[in-house]
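Letters are used for the chains, namely A, B, C, D and E, taken in the order the chains are written, and counting of residues starts over at 1 for each.
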Amino acid sequence: MISAYYFGAISLILIGLYAILVKKNVLKMLIGLSIMETGVNLLLVSVGYISGRSAPILSEGIGPNQAVDPIPQALVLTAIVIGVATTAMALSVAMIIYEKYGTLNVEEIRRLRG
Amino acid sequence: MIDWKLVLEVIGILIYATFMGFIFMGIERKAMARIQRRVGPPIYQPIIDTLKLLGKKESVSHGFIYDFGPVFAMGASIAALLFIPIANFQLFSSNADLIVVAYLLEIPMLGIMLGAMSSGNPYSALGVQRGLLTMVAMQLPYGLALIALIQHWGTFKLSEIVALQQTQGWSILVPALFVAMIVFDIVFQAMLGLEPFDIVSAPAEISMGPMVEYGGKHAALLFTQHAIQLFAETAFFAVLFLGGASNLLELLIKQIAVLFIAIFVASIYPRFTIDQAAKFFWKWPTILGIIAVLLTV
Amino acid sequence: MSEMKEMRNENDGVISYELQEFKLFEPLFKWARKKSLWIVAFCTGCGGIEMPPLATARYDFERFGIMPNPAPRMGDLFLITGYVTPKTLKRIIITYEMMQDPKYILAHGSCPINGGVYWDSYNVVKQLDKYIPIDVAIAGCMPRAEAVMDGIMEIMRKIEDGTADGWKRYRENYEYYRKNQDELFGEGWREKDARRWLAWI
Amino acid sequence: MNGQYASLLIALPLISAFFVPLIKGLGKKAVKYYLVLITALQTGIAAWVFQEVYTTGKPIIVMAGAWRPPVGINLYIGHFAALFVLIVAVVSFLMAVFSIRAISVDPIDKYAMLFLLVMLGATGMIATGDIFNLFVFMEITAISAYALTAYNKTGEAAEASIKYIILGGIGSSFFLIGIALIYGSLGTLNMAQIAQLAGGMDATVAQVGLALIVFGLAVEAELFPLNAWAPDAYQAAPHPITAMFSAFVVKAGLYALARILYLMQAVSSWHSVLKLLIIMATLTVFVAEFAALRQKNVKRMIAYSSIAQIGLIGLAFALGTQSGVDAGVFHMVNHAIVKALLFLAVGHVAVSLGGAEMEKFEGLGKRMPLTAFAITVGAIAAVGIPLFNVFWSKLRILLATLGAGYSWAAAVVLIASVVEAVYYFRLIHTMWFAGEGERISEGLAVSLMLLFLAALVIVIGVYPDYAWSIAQKAGNDIFNVADYIKNVPLMGVGA
Amino acid sequence: MINELMIILFAPLIAGVVAWALDIKGIREAIGIIGAAIPLAYLVKLYPTIIENPIDYSITVSGFTLQFQLNTMSWYFAAVASLVGLAMAFGMAVTSRESYDWLFALMSFTGVLGVFLSQDFVGFFLLWELMTFASFMMVLRRNRHESLKYFVLSVIGAYAMLIAIGMLYAKTGALDFASIRQVLYMDAAMGTITTRETAIIFGLFLTAFGVKAGAVPLHVWAPGAYSETDQSYTAFFSGALSKAGAYGFLLLYILMGYKLYAAFGTFHNHLTFAYIIAWIGAITVVVASFLAVLQEDIRKLFAYSSVGQVGYILLAFGLGSTLGFAGGLFHVLSHAIFKGLFWLVTAAIILQTGKTQFKDMGGLAEKMPFTFAMGLIAVLSLAGIPPMAGFASKWLIYEAAISAHMPLVAGAIFLGSALAFAYVVRFLYAVWFGQRPSDLEDVKEAPLPLLIAMALLAIPNLVFGVAPGLVTQYINKILGGEVVGGDYYKLVTPTGTYNALLVTIALVIGLAIAGLVYIYGAKTRKIPVTNTYQSGNPVTEEFNLSIRRNFYKPLAEALEFWLKYSWDRFYERVAGMAEDFADSLRQAFYNGNVQSYSWYLAIVLLILALWGVL
């Protein structure tokens, strides 16, 4: 059952990677990056997932032995935040690029080279 | 303390060598004339020439080095002579070896060139250039011939080479050294400044080359030097390849034999240009020299 | 101008220079001078062609110790073999002054004596003796090899009895020769004629 | 004093970063001086920590909230971390001073904030004892660095930034996957515990996890061919930031790489990972030096040179021997000094003359002699000439490389070094012996900093013993994992 | 802490730094000269001590123990270097007007001394690099291209050495000479180091030392570097610094000789590895001498000449016999003194005339008589005219080469010495004789310090020429046996003798006789150069009568075929290719497209994946 999560996560990562590698538009590449991060997060969560257990919120009937591993979830939260920050940063930079270059085509954003 | 016998020997040999050197020069001219079916000058003609030059009432100089050059050349020739064993007179020869003598025989050239260059004459400069290039060209086969000799006899000492030849037969009887002798003889032609390698003076081309500015006593010095040099070089040849000599007469015969070979070669060949000479020397004599050297290793 | 002066002084050196006197060996040297005449062969005009027979087997002047030598400093005998133009004369004078005393001049044929067949040519020196001292002149147009030989023998005879004194006359009467030369070529002709002649150096 | 005060190293920049907006009210100048003040304070703390660690010889373990590891996140300030935190602080301080002159673009408060965050991130990366925490600090550093790269607001800056973001993003994603794999396999994130348990790890998972972590960190550590962002970012970033990149940001990544690598020594496929790294590091040196050869922009040229030197350090770390690690640490220190000097000087020239193109450097020896002298010292040192500090570490690295049997790597590195010599000496010639110019004022503060760094270069070059002994201890800290495990008071398992 | 060796070693460097920092005219020169004199003074002072037992000193720097030792051999090399160094300092007092020059010249002095004194590879390499760097900086100032050529080749050499050192270190675990020597000696029997590894190490060392010694084909830096620097410094550069390369070859024998013998065996009764060295030397002699003959620039001529002369030293060392070592060691000294003298003469000429091309010079003998006399001594010594120091050493090399039965190598010496004769005469003619260009009319004699410097080097030329035994007896001590017998004036080898004093006497006798003849003749009249036979054409001062260009054109014509090939052009092409490669690599890899960059990442991931699976 867990392999399904893994499969999904890796698919997301590969889709993201595909977008980065093939799409010429910077925005699309950034979307790819986001998708990839999502995939990674999914993977991270699924690492801590134990089949048949519930969320690691200590409440009635859910003790340490009934909950999934909480650490990956904490990690993923952090990672999501980081991902958001990165994306925000990237998008604002993309704006500047569009301002200065008048395009978002990566083939044309090549002033720094060699 | 002073070895008076040695002093007397030195003086005697010097006088003898100078005289015989002049006679050799005379023989050279005379023989050449006879080959050309002329009467030719008397055999003592070079002595007369030298006396005449010495008797010039005027003398010019281009500066100190111009004067120093001929003096140095003659001094060096005398020094070289003193290190060659002349027949039974050993002189200084036990104190120096083949390499030293070979070098001493080259120094006079430097003297002549110093003087010639300081005269500022373009012909002299051309002569110097040609002289040096001839030397560069001939030095390789020359060196190889000497190396073959040294390797065969296993010693650098001229006196020992002579002694070994006395007991074991002349150098030229050894096949490898015969090859070396051929090489040396070709080089010898250039050392004496005879055709086909008389590129240095080339009278009809560059007006005597290095000698062009010399006259009077300077030229007389150079003539005397040439005589001594001629004697020394022929003696060198005889000592190296013809078994030396036990008395002056034997030596004289061998020297004249050597001289005649040189004259015969000289009288039938035209002159090389300098680059032809260089190419020639680096071709056949060098190959022969290498063969000789490898045969004696 | 200073250069010209320098040149003048330098030529004066040829004259003012004190000659060596050999007291003891003088007879020996005189003999040697006679027996060893080196020719500065300066072949002007048509006489040059008379020289090869002299040098080769038929006459062979080398048996008298005579030898052609291209370098003037060593030469003793200056052969002027035929007519002399002013241009040639300049070279003759310069070469002559370069030779070292004692030195002798042998003039070939009629032309150096009086112009010969070129007696009325505007460009031939009529009387060479005015410009440089001639010791022996051989008449004829051209003199045959025997005659040249005879001239040389004459020089040798004159050397022996000391009458071949052209070099002395040139020193003593330098002002005269100089005047004649300058009249013919104009003052300062040496500098004027100097050219860059070895362009390739 | 209590070792726990060392947590100020993290706390101070973090807190002060959030005070920047308040300071902004006092004016632009004030922000800059505030920055100087904070970095100076940080330097003081770092110096104290350094002194503490090296006199006692014991690492300082800071446990967040007094939770013992592996439950709590701990900071591990061992010999290496103490040394490097000091370098981070000192370089930051110098660059803060330089910023007063070099930075004129607004918003200066954001700059100060990001500056402090970069410093914080790097310090954290070096000091942390938790692998995920490492990731967080790395991202803090990276995001601040993205922003600072784009800070000049030119097209180039934005372009460099987007490159950095995309490549950094991919790298960090895979790094995270690596962490996930390790966590999945071992169930812990504490470094000491990972080291302890690494031996029993599933071979495939360990190999893939380690490889992905190496991959992720190699992007930060500029190993070929993952370093394509670096020259652009170096060139486009503000000058003080470039120096910081080169002096410690990259090195923090490299350190993390080395740390994790050596923690997982017990993993069965460790040696093949090392081999991979050696290939990458060697190629880094080679390609970067050749790329610098005909560079027209001096800043970019030095950026390439910096990349190459990082490759050299990477090579030293990848050897897997004690001598290699020692040499690598030594080179890190030397390189930090030299590159800080070079970027400071080149930045100074660029600020004064309006650009870092090669033509601007003609006649620099006459126009700005002191700066030119500093660049000369830096360049000569970078080439590895005796009596300058880099010579010793380069020699050590090469001896270690050859000692480990990687002659080909040494040969390739040395070929690249020849190329390095060529371009640096071309620069020196251009500065001193080409062109003319009027003398212009150089500024006291920058001059003093340049002199200080140049003097440091020469002092270490002439008397390397002290620096070397420190480097040795620091190298031991990385290499000797057993001590590392012993020093961390792990709950349960060992202690 | 303070030790004589340290003083010897670092006095020049410290003096250089002080002179550089003070930069006050007059004082910096004084400090420089003092700094350069201290090593010589100390070496002379320590001479009696080191004959008995060597002086050791070691310091620990950065975990390496640097060992220095002043033993008989290092004393010899250091003394040669110090002598030339002092002469250099005197020369630089007038030729150099920059404190920059003083700093680096004296720094390289320290480097050279250190190379000779080091007894371990770290110190050796460190000071080797220092020496290279300092000499490079001397060149960089004047010519970027040539200096970089020099530096790149030197650094390639140094790095080759570093790799070799590292390999030895990895094999033996030691860096000091004594242990390495011992380990390799033991290893020769056991053979743990394979022949292939030995060959690699040998090749690397050969490259390293060959570059510094200027062995063909690694000589291309020499002409440019020697000519494009302060000529007084070149005296040291060529006289002492290039000896470091020769010293390296000697070191190769000391450290690895037995191992190399065990690994490669013999070839026709010669040690195979030595045979290689000998041939390198022979080729260097011939090629460099030919090139020297064809040069048109005074500095280039002597640069190639230096290369050729160092070739003699290599050749002598390559003979592998003790006589060969004796000859080589002697030649180290004589080359240092005559070539140093040459460069100082060159420095004087360039200082006074500002010209370097032969075509611009001529007739300076009258204007600079003392310099000319010094130049003549150097010429005589280099051309190997007895009785000069140059002849004694060359003679030993001849003896050794022929006794060692290496006839073709000996033939190369003959050819080389004829070529040497040819190029020095060319130098004499073009610079000192012939007609003087009118713009050189007011040239004056060189200033006093330069004359002192020249005299400092000229005197040993004469003294060691007449009394070569002084040197050979010391060399016997180095080699630990009676290699060259005889007394102070007489050299005796197993096969030959050379009595320098007797040659001198004979020359004096000859000169006296010739002088008598000369004096008897007519009194001479001085005439100017232009009063000379030009087929009767009148000539005045303005026109050039001297052959100043293409003096050896016929030789160039004869060698046309060989001159088509040039190592220099080959290296230039390689360098150009490297630069083009760098450009295309840069443009292709860092192409500016972030997507390509992402692809690199993806490819690495792919490789990782494949590698992870496999």
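What we mean here is this: a contact is a pair of C-beta atoms (placed from the backbone, for glycine too) under 8 Å apart; a residue touches a chain by one contact, two chains touch by 3 or more.
This structure is a prediction, so every number in the text was calculated from the model and none was measured.
Asks: Which chains does chain A share as contact partners with chain E?
Replies: Touches both chain A and chain E: D.
Asks: Centre to centre, using CA atoms, which chain is the farthest one from chain C?
Replies: When every chain centre is compared against chain C, the largest gap points to A.
Asks: Just to be sure I understand: the centre of a chain is the mean of its C-alpha atoms, right? Then which chain's centre is nearest the mean of all of them?
Replies: Ranked by how close its C-alpha centre lies to the overall one, first comes E.
Asks: Going by the touch criterion at the top, tell me which pair is linked by more C-beta contacts: C-E or A-D.
Replies: Ranking C-E and A-D by C-beta contacts puts A-D first.
Asks: For chain B and chain D, what's the span in angstrom between their mean Cα positions?
Replies: 78
Asks: Using the average of all C-alpha atoms in each chain as its centre, how far is it in Å between chain A and chain D?
Replies: Distance between chain centres, rounded to whole Å: 27 Å.
Asks: Compute the distance, rounded to whole Å, between the mean C-alpha positions of chain A and chain B.
Replies: Centre-to-centre distance between chain A and chain B: 97 Å.
Asks: Where the CA atoms of chain D average out and where those of chain E average out, how many Å apart are those spots?
Replies: So the centroids are 44 Å from each other.
Asks: Which positions in chain A touch two or more other chains at once?
Replies: 17, 20, 29, 109-112, 114
Asks: What are the residue numbers in chain B that touch two or more other chains?
Replies: Residues 54, 56-60, 122, 207, 212-213, 216 of chain B each touch two or more of the other chains.
Asks: At least two partner chains per residue is the criterion; list those residues in chain D.
Replies: As it turns out, chain D has residues touching two or more other chains at 162-163, 166, 170, 174, 231-232, 291.
Asks: State which pairs of chains touch, listing all of them.
Replies: Contacting pairs: A-D, A-E, B-C, B-E, C-E, D-E.
Asks: Which chain C residues qualify as touching chain E in the complex?
Replies: Counting only chain C, the residues touching chain E are 3, 7, 10, 13, 17-20, 42, 71-73, 90-92, 94-95, 98, 189-191, 193-198, 201.
Asks: For the complex, give me every residue of chain A touching chain E.
Replies: On the chain A side, the touching residues are 17, 20-21, 24, 29, 106-107, 109-114.
Asks: Which of the residues in chain E end up touching chain C in this complex?
Replies: 521-523, 525, 527-528, 531, 533-549
Asks: So in the complex, the part of chain E that touches chain D is made up of which residues?
Replies: These residues of chain E touch chain D: 60-63, 122, 125-127, 129-130, 133, 136, 140-142, 144, 147-148, 151-152, 155-156, 159, 162-163, 165-167, 169-170, 578-579, 581-583, 585-586, 589-590, 592, 594, 596-598, 600-601, 603-605, 608, 611-612.
Asks: Quick check: in the complex, which residue numbers of chain D touch chain A?
Replies: Touching chain A: residues 132, 135-136, 139, 142-143, 146-147, 150, 153-163, 165-166, 168-170, 172-174, 176-177, 179-181, 183-184, 187, 189, 231-232, 235-236, 291 of chain D.
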